[in-house]
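Listed next: structures, encoded as structure tokens.
In the two complexes below, chain A is the common chain; its partner is chain B in one and chain C in the other.
Our next item is the complex of A and B:
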């Protein structure tokens, strides 16, 4: 398949920069799309106006005191649909996952209550006063840490995504593109500001012996979930995370402590961390042999494939996020890479025939979600929109067909193929 | 007489100058003694940056040092309290020093050194990991006949008869020879590379409704049963610390290590 034709970049704001109505990424900012005002007007109705003695129109909220303070805030009642989705496994209610509703969110930080969950046997209840973290194995001094001790260590904060290795797998494995939302397909992905202690500080304190080259991390949950992590990564940017978006990590995210292994598959970010063993070679646990390894066409499996490839999807429009008539829209979505920063996101509105550069939201943080946006003048005709991300290492997001040639049928771990959305003439959006 | 005001002014000016110098000398003295104070303990390291980005392609605006939350007993000055209560860390050992000074220029923060020694007995009681070489396998033994009974009581409800799955259950057996077909079936029999992993996982996490409730003998036995279903081991084989690591799984050579990522795979 020949590479898609690149459309010449144009500075003429308001003029199409790629096929089927894609406008320059700064068109909204520089007034280049003023012409669209009349055609794109959205009717305003349903505003309730109450009477008052001074004859000024005012909504009821201005005519009576609002409710008082609350100890812990919660979303507006009218946002009740913005929730995690999950399917209850009746045989094993604590196993499975819940998903972040990216099609209903904006920005890049995931609210703590909407961070995706993946549990292997439920969410444990842990008393931090009783919890201990052990570091042992190939170390000079096996150590045990209490929460009180850890709270006195130097901490730092970093914004990083966490993504399940199985995220988007349905898009890779389904015979037909799944009729499902961004949440249902790509919802095992979230992004937070994590605060904690560099794991290197604690490993150094224990004294790493020369023959150690992996660590084993184990959780205090009912699955005793355990994974091997390369020591090189553990000594680099791996964090013993205690806080998420400013508050103590929530129970479903590993309270009182978890690993944050930036850019690596989610399963390594072991929650409820209780034990780290320094080892020579990986331990070959269940979740790094039978699971989270990817079968290739020759029958062998790729093991310890740990870094998430460059990836993106358009969230608006997307399945269930339909268009309400021809006119001006902002295409918006998320891009990320386990290898570092996003350097480019291209968008196509003509099924990949031509592409235009989207605006990238600042700051662009390595191994974090990056928001991209691009104005689009939708003509009302059928269209297929898609996004293609590039990272600072030069990785370019592959198409689904290209990705699938590397693996055996039915494989979907670490899938990062391009997501296509078809827009019908009535504005209904489906997955193609 | 006419020179008196000048003399007085001059005297006052000298006194003023001396006072200024005196006060500045005090300031200077404080500044100069600060590093000496901090060298008595890890105070400066607590406040400093943790670990420098080894490859800082560009400043990372999202990474900011965060002050350590104050523990209740150290609310006013946690660093100072740490220094006062805690002796400097024990000799970090030549390995750490050499690695930091010679091999890697990486800047490593040091914590306050509050890890308590963990005894070998303590570690032995909580270390349940079994690597492929079988190190750390516990005493005990089991056979497939004994394991069939355990399986019938503890496992069959979620894994089906003989571990064959079905009806949404997790399949453990069968699937041999399918990995190169259009419908690969990954089971313990067809896919798992190490029998030790089966022992490790059952012992730590099964059965799902009562993890770590099986005895070591029961775990050896149920492993023996599962491995006998597809004739990976003969009926009657006794599995124990010695024999389990010797089991050759059919797919033991079926995995390609992707860490570090092969250069050919990079684009």
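Our next item is the complex of A and C:
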């Protein structure tokens, strides 16, 4: 039979729930194309397959054996464009970041090979048999742990996002380029199931002295990347993470161990963790003074503003993920908050004039990515679509204009403003 | 400073909750080794790092820049043993299976590269631009879908296990080798976040005729692997899955699309799905008659026993994951049920004489792997450890002996008996 003709979308069920075609979350579409082939059974690779009154040609893949087993799989060759993006810093090739292609992904878990990277002097090669974690400073008993010792501790698994403080910075500044993908704007964000040991267990073992109220965490990379973390957070849900999505953490994610500081600025999740020092007050390392502090309108800097605000973006449609003619689409994207669970994501298709509640994917895990979805019947007219997230603390994602009034021009750390996408009459999507 | 000496475990908190050293789930251990180095600051790569009153040598990884960014990451070279295992079938290299190394993993998500494989004639190479899905048979409107058409449909994400009907078969039969890893026994089991379209949406679109009560699902592989699925299940939570853990499904998992039939026998989750035929009654394909049916004691075969029973195993300790001297360990493993959520996992360290409840990892997702954990103070004496899972339907995992009375000798499909591990006085663990 001939290949199907151009997809036709002819019918949508459900009444609009907000302006410009947003539909009830249970709307259906009709995307299949009718077909009718010649009658007769099909014989494939010498095997007569099940009775098939309407002939369907066997594709080439059924006519010869496929390839055998592999010890460790990789994506299909036709998915070669689904990769992390990065700009090579020629003077310091290990400094910079690579970004997760959220416009090409779906779901909430980021595959390990596509988790964003942020390195300050490259990815170190560490032999886990030689690696040691030190806990010292204002403790009763300075301790050192080998990997073998740590493997005997009680562990815990938690699905959590990690987001760089600089994520979405491009959207915060005056530049805000119209032709930039979700990957380019929001790609310093990923979500995994992390497994490891509550840091509180190890700190308790060392014995916390009364004057300790912060910790310093330092990586074994050539930048000695170091951040201060409030002791209260270190004793709460902070994890010494050893596994990511089931397997040992990848080298670029801190192998053999990193901190997971749920909901807090990305680089507090110190990779290649080699020591934790208990301190009185924060240490004011280079990584929290020269960077990762926020310039205010009066010229002072805000330091240690650590929890990511509630945030969301639409990934489909977005720049590079265009519409191919009027009809039904699913608007879908990601929402998250450093303060806990997402409770609501509203979507607008008329530039914020009206809003409808999107469906939230289950389970809704605190401090993890939540996928939202809503059907949309696009009329073929120009439109601006956007999403607005709310978390269980009642925080609501602000508009870009509101967010920007709080900071000096050009300050892009910790941006969580609403992302607007303009859809042209031809279906091209741009950042506005 | 010198490397730490042999790990010492000197103190355990908490009273036993069951025989032979099972402890309350909040028990702690002391695995750190005291250290004291020379006083003085440390200079790393020309940068004077934070005040460090107890000298800790900088490891080699801090003395030279690391490697730069990568478009798609891979595990550390020192994790090269964490791979799928398989035996090459020389006459039919694409026929057989490869297994997930659960004894070396932790958490509940299986990384895509390590998801088990079961192929009947190899992994086909499919161009998604050419691939078509047909829905035909007892329908009002036979339909064909391209990938582009499917990408416009409403999607859904769900974390679910997939398990081969033959998983753990080695434990069911008289052979039951004592030296076999969790990977070798239970490795035809994996768990992912799957994203795709409810099959019900597409079947509704085709229009289900009144006499249809089963579907036939066929893959585009050279075995035309085909299974019958009750229409009721196809209209319930069955998904046409396009993404696995965020990215496009891997070739060996059915790229570009597969069925996800939550909780049901693995090969109903037909990979490389190319057609669905609505039928009256099951089709009795070769893949559900010559295989994947269960021989009963009276010589008849049980067909279409599709839902996996409640099941669990301990992964740490297990064969190949030995104990290194008396003291505290975490007993940890996986539990799951084809009928819904896991509600309880009990652990015994005295060969079933007494049992204690393990902690269950959150979120507990229906028809997904649940990680259980319990601290254990091993005395250094011989012991037999085992786990027993219960699901929300009240199903309780049976012993091996009870399970075997229902089937003919040698029948190993759909085995869900309790897994026992013997620990010798030297800490070696074997399957019993």
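By our rule, the second predicted complex is superposed on the first by the 385 of 432 C-alpha atoms of A that agree within 3 Å, B and C clash if a C-alpha of one lies under 4 Å from a C-alpha of the other, contacts with A are read in each partner's own complex, and residues count from 1 in each chain.
Definition applied: a contact is a pair of C-beta atoms (placed from the backbone, for glycine too) under 8 Å apart; a residue touches a chain by one contact, two chains touch by 3 or more.
Quantities reported herein were computed from a predicted structural model and do not represent experimental measurements.
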item: Fit or clash - chain C, chain B, common chain A; value: clash
item: Contacts of A:226 with chain B and chain C, given as first, second, both or neither; value: both
item: Touching partner for A:410 - first (chain B), second (chain C), both, neither; value: first
item: Partner chain(s) touched by A:324 [first = chain B, second = chain C, both, neither]; value: second
item: First (chain B), second (chain C), both or neither touched by A:208; value: first
item: First (chain B), second (chain C), both or neither touched by A:59; value: second
item: Chain A: partner with more touched residues, chain B or chain C; value: C
item: Which of chain B and chain C A:112 touches, first, second, both or neither; value: second
item: Chain C region in steric overlap with chain B, selected from 111-119, 327-335 or 381-389; value: 327-335
item: Chain C-contacting residues of chain A that also contact chain B; value: 92, 94, 121, 134-136, 141-146, 148-150, 152-159, 193, 195, 201-202, 204-206, 216, 218, 222-224, 226, 243, 274-275, 277, 283, 285-286, 363, 365
item: Complex contact set, residues of chain B against chain A; value: 45-51, 53-54, 57-58, 60-71, 73-74, 78, 82, 89-90, 92-93, 95-96, 99, 106, 108-120, 122-123, 126-132, 158, 168-169, 179-180, 182-184, 186, 188, 191-194, 196-197, 200-201, 204-205, 208, 211-212, 254-261, 266-267
item: Complex interface listing, chain A residues touching chain B; value: 91-92, 94-95, 120-121, 134-136, 140-146, 148-159, 193, 195, 197-198, 200-202, 204-210, 216, 218, 222-224, 226, 230, 235-237, 243, 274-275, 277, 279, 281, 283-286, 289-290, 293, 295-307, 340-341, 363, 365-366, 368, 392-396, 408-410
